[in-house]
Amino acid sequence: MSWPVRPTQQIGTALDHVAGMTLAAVLAVLWGLPLLYSVWTAFHAEKYSVQFDLTAPWTLQNFVEAWNAAPFGLYFINTVLLSLMAVSANFVLCTLTAYGLVRYRFRWAGPLFALIMVQMLITPEILIGPNYLTLARLGLIDTIFGVALPYLSSAFGIFLLRQTFKTVPASLDEAATMEGAGMWRVLWDVYVPLAKPVYLAYGLVSVSFHWNNFLWPLIVTNSPEARPVTVGLSVFATVDSGVEWSLVNAATLMTTAPLVLAFLLFQRGFVDNFMRIGIK
Amino acid sequence: MNKPLGISRAIALLGVPLVLLITFTHYPLLQSVVSSFWSKGTKIRPSKFIGLDNYAKLFDDPVLAKVMWNSLIYAAVTIPVTVALSIAMALLVNSKLPGRALMRLSFFLPTMLPMIAVANLWLFVYVPGYGLIAQVMIWLGLPDINFLGSSETALWAMMVVAVWKEAGLFMIFYLAALQSIPQNLKEAAVLEGAGKARVFRDIVWPLLAPTTVFVAINAMLNAFRVIDHVVAMTNGGPNNASALLLFYIYQVAFGFRDFPYGATLTVLLAGILGLFAIVQFKLLDRRTHYQ
Amino acid sequence: MKLNRLLGTAALAAGLYGTTVSGVQAADLEFYFPVGVNAPAVETIQEMVDAWDEAHPEHTVKAVYAGNYEETTTKALTAAQAGNAPDVAVLLAIDIFTLVEEDVVAPFSQMATSEEDKAWMDSFIKGFTVDTVFGGETYSIPFQRSTPIFYYNKDAFREAGLDPEKAPESWAEMIEIGKKLVKKDDAGNVVQWGTRVPNLGLAGLWLLGGMVYSMDGTLTTDSGTEVQFNTDATLSAISFLKSLAEEGIMQPGGVTWGDTPKAFIEGNTASMWTSSGNLAFVNDNAEFEWGTAFLPGGNHPGASLGGGNFYIFKDTSDDEKAAALDLVKFMTSPENAAKWAISTGYVATSEAAWETAAIKDYTAQLPQALVARDQLPYAYREVATFQRKRVAQIMADALEAIIAEGADPKASLANAQSEVDKILADYN
């Protein structure tokens, strides 16, 4: 679509172009419509929530009500803390493990790696039952740290970093060692810089995972002080006495707006940077 | 790079990560196996050792049969559809079509919402009578569809939600990969008279392979571990038509408070994922042979 | 709250120095409660808890809104097993069997022993106290109780040429009137259904229970160990439910609970069967004249009772139990019960509450609210057994199979009956 074509292909290309445009338009509308609908509902009184009367008055009342009805600010801070805690621990712990696996030789390296890889597929959410009991024994139920704990060490991160560290040329490592750099120096100066794109890609996946995670925090948290946004939203929108759509949508937009705004502000930089680095 | 790993280095580098992994992956896995040999217990009726009874029950559980089938269809549909759509999106956004920025935004925004928020939103899309789809159907003079209230459509409705939410994230990875494909490769192919389909099949698709592996692994994991929309939208119904395996585990363990049978189901799910792992490692192995 | 804590600390300090302020040990209570989305309920609970807190500066109480009923029970039980039980919670009345079996709740009958206490425990409307007792002990106090009632759009009745003051009383009338209420557009698609009876999930089972009761049956017996699902009463209730869709009066297939009030407000249905807990929502949002009535019944009216009671957890110190008991008494006092009923639409649980000036003013303005109380003599508790969640899920699945998949009713009921019998065999 972006490459030059020979003149004989032009009619076909025009057709392609129309087909591409149609596909693009259909997809973009399908993807955008539910969100636009949610925006409409959130900014209108309940009675207009399903009536598309263009003269209907816009209102911020739903946001005020939703904000007053539940501590969404607190939920949001909890989610940010949770994500930061998890991602920074992921970076540190996965880097250490991958470094140990790649740079050093020891007898059980193979089986150890296989053991680590188990978590890549049998992820903590599959083990919610026993993990709840473990967390209870540690006295960490209803804490943000408790929500994060099973995820701090991640096989996926170790796998990605190990693959990347393996591509670090031995000569670079040796040169640094010759110059007297110790274990930590070599890690920091040689290995970590080369893995920047992987950190970015993995960081994105990890943040998006914790931003999304619901079932485990639902089980582990009881009180608003530890509840992330996802659990707060579900508790707010529970349907025992009927759904007030305007309120639910206002709450949904309100809690997701900060991340969306951040993306809108930084999207050029973020996406470009992401793409320039590329993932291997 | 094969310096010997001393004990102190081993502890410094591998200590904490391994303790965490063992505590929250291997130990609970083992614990699941152990408790699968016991019966449901309460304070008043303590748990008893029942050997393989829970495993026998697996074959005799009509709900499980349904749930397994649902999970299989769900994975078999959502994984390829998500991969295909995210490639299509990346190609569109990477093209010279007008409105690219808007498209990129529209595709990517859903991934920024948590699944639970997405589920809330889609409830309003699906509700019969006055929901978004219903209003369009009524406007077109068509009868509306009770998506979540009928057994034929509920699972498909869940799949649409999952694909809608996830495709945009994977699009970003494909976009990055597409941009790293050298322009001259494609140009050369076109000069040799290759059509677009050929260019895609012979040049673009193979070069996207590492990204596809990455995306497919993630899509597969999500197919088995993301059930938030099921919890929020249908609670598995009607008559378990939209229940997935992890949802059933959650229901049995935390709803019915039958931890041992929940553990048995966990062992089953772990076994299935383990099988996938073996297949995947084989595939990855083959790929490395090519290189 | 901060001031209270400060005062509490001061009181504690005073106590340590021998000059006891109130003679009561300070208690820090944790209180779990479930309610729906409507903000007034959460606010009202918080107001009431704050009022109690202010009156008892030596104690603190933290009210935790833990989600819907099922989630709150799950959380309280899971927390209790992990040794973190709340001190007091509002949980489903019918979870008494589960809570007793898990041995996590303390009976009120052993904590509230004075004459005054006994009078208080006797002050609740009898229908609500059936499910507070197990093995001769009273384990819970009725609080957040509800029952489904029939809501109808009087304007739609008028438009259909029906008497807006005469709601259908029997199933036959429901079908006859329902047919007249259906409106279609030019394309032949329905724009207004005759009625809406949620039939999915546990909510569907809740409503089915009332229908069965109107045919002189009950889905479960008082013992908590017996289910009577495969009966003629259930079959006739199901055939009525099916006929609503077959006659084109109700949207075919599964009808969800959560969307029902909204469908009524939007005019998508001319009537609905739903909880009295939606009175406030309908009153705030309906732009037409609406009324309430008893649910139409088979042989006579019939409805299920639902909702939550106060429980006090066992794993709580005696001082905390005493404070929790005081909190429960405060929350269920006639004035507070009335306040709670008015702000939410739940049914006030004591006769004295119905005698308060506040509730009399309220029912004078909103006479629709009286229906729920008047219907109580025709109401019976919802599905309640040991292993309730699993048993109820099997029954709800069978109902869904009949409704959403067209399964044969007789066979589905028999099948579900034998499954639940297997589960309950351990208890008989």
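Residue numbering begins at 1 within each chain, and the chains themselves are lettered A, B and C in the order written.
The rule we apply is simple: a contact is a pair of C-beta atoms (placed from the backbone, for glycine too) under 8 Å apart; a residue touches a chain by one contact, two chains touch by 3 or more.
Note that this is a predicted model, so its numbers are computed, not measured.
**Q** Using the stated contact rule, I'd like to know whether A-B or A-C comes out ahead in C-beta pair count.
**A** A-B
**Q** Can you name the chain that lies farthest from subunit B, using the mean of each chain's Cα atoms as its centre?
**A** C
**Q** Once you find the CA centre of subunit B and the CA centre of subunit C, what distance in Å lies between them?
**A** Centre separation, subunit B to subunit C: 36 Å.
**Q** So the centre of each chain is just the mean of its C-alpha atoms; given that, what is the distance between subunit A and subunit B in Å?
**A** Comparing mean C-alpha positions, subunit B is 14 Å from subunit A.
**Q** Go ahead and note the Å separation of the Cα centroids belonging to subunit A and subunit C.
**A** Chain centroid spacing, subunit A to subunit C, equals 38 Å.
**Q** At least two other chains touched by the same residue of subunit A: list those residues.
**A** 50, 133, 218-219, 234, 237, 243, 245, 248
**Q** For subunit C, jot down the residues that touch at least 2 other chains.
**A** 78, 258-259, 262, 266
**Q** Can you list the residues of subunit B that touch 2 or more other chains?
**A** If we look for residues of subunit B contacting two or more partner chains, we find 123, 130, 254.
**Q** Show me the residue ranges of subunit B that touch subunit C in the complex, using the header's touch definition.
**A** Residues of subunit B touching subunit C: 42-45, 63, 123, 127-130, 138, 141-144, 146, 148-151, 235, 237-241, 251, 254-258.
**Q** Subunit B touches which residues of subunit A in the complex?
**A** Those in contact with subunit B are residues 1-6, 9, 12, 16-17, 20-21, 23-24, 27-28, 30-35, 37-38, 41, 50, 52, 93-94, 96-97, 99-100, 102-106, 112, 115-131, 133-134, 149-150, 152-153, 155, 158, 170, 173, 183, 201, 204-205, 208, 211-212, 214-215, 218-219, 229-231, 233-234, 237, 243, 245, 248-249, 252, 255-256, 259-260, 263-264, 267, 271, 274-280.
**Q** Quick check on the complex: what are the subunit C residues that touch subunit A?
**A** Listed in rising order, the residues of subunit C that touch subunit A are 32, 34-39, 41-43, 62, 64-69, 71, 75, 78-79, 81-84, 86, 257-262, 265-266, 274-275, 277-278, 281, 285, 287, 344.
**Q** Could you please specify the touching residues of subunit A with respect to subunit C in the complex?
**A** 46-47, 50, 65, 68-70, 132-133, 136-137, 141-142, 218-219, 222-224, 234-245, 247-248
**Q** Per the contact definition, I'd like the list of subunit B residues that touch subunit A in the complex.
**A** 1-5, 9-10, 12-14, 16-18, 20-21, 23-29, 31-32, 35, 85, 88-89, 91-92, 94-97, 99, 102-117, 120-125, 130-132, 135, 164, 168-169, 172-173, 175-177, 179-180, 183, 186-187, 190-191, 193, 195-196, 199, 210-211, 214, 217-218, 221, 224-228, 231-232, 246, 249-250, 253-254, 259, 262-263, 266, 269-270, 273-274, 276-277
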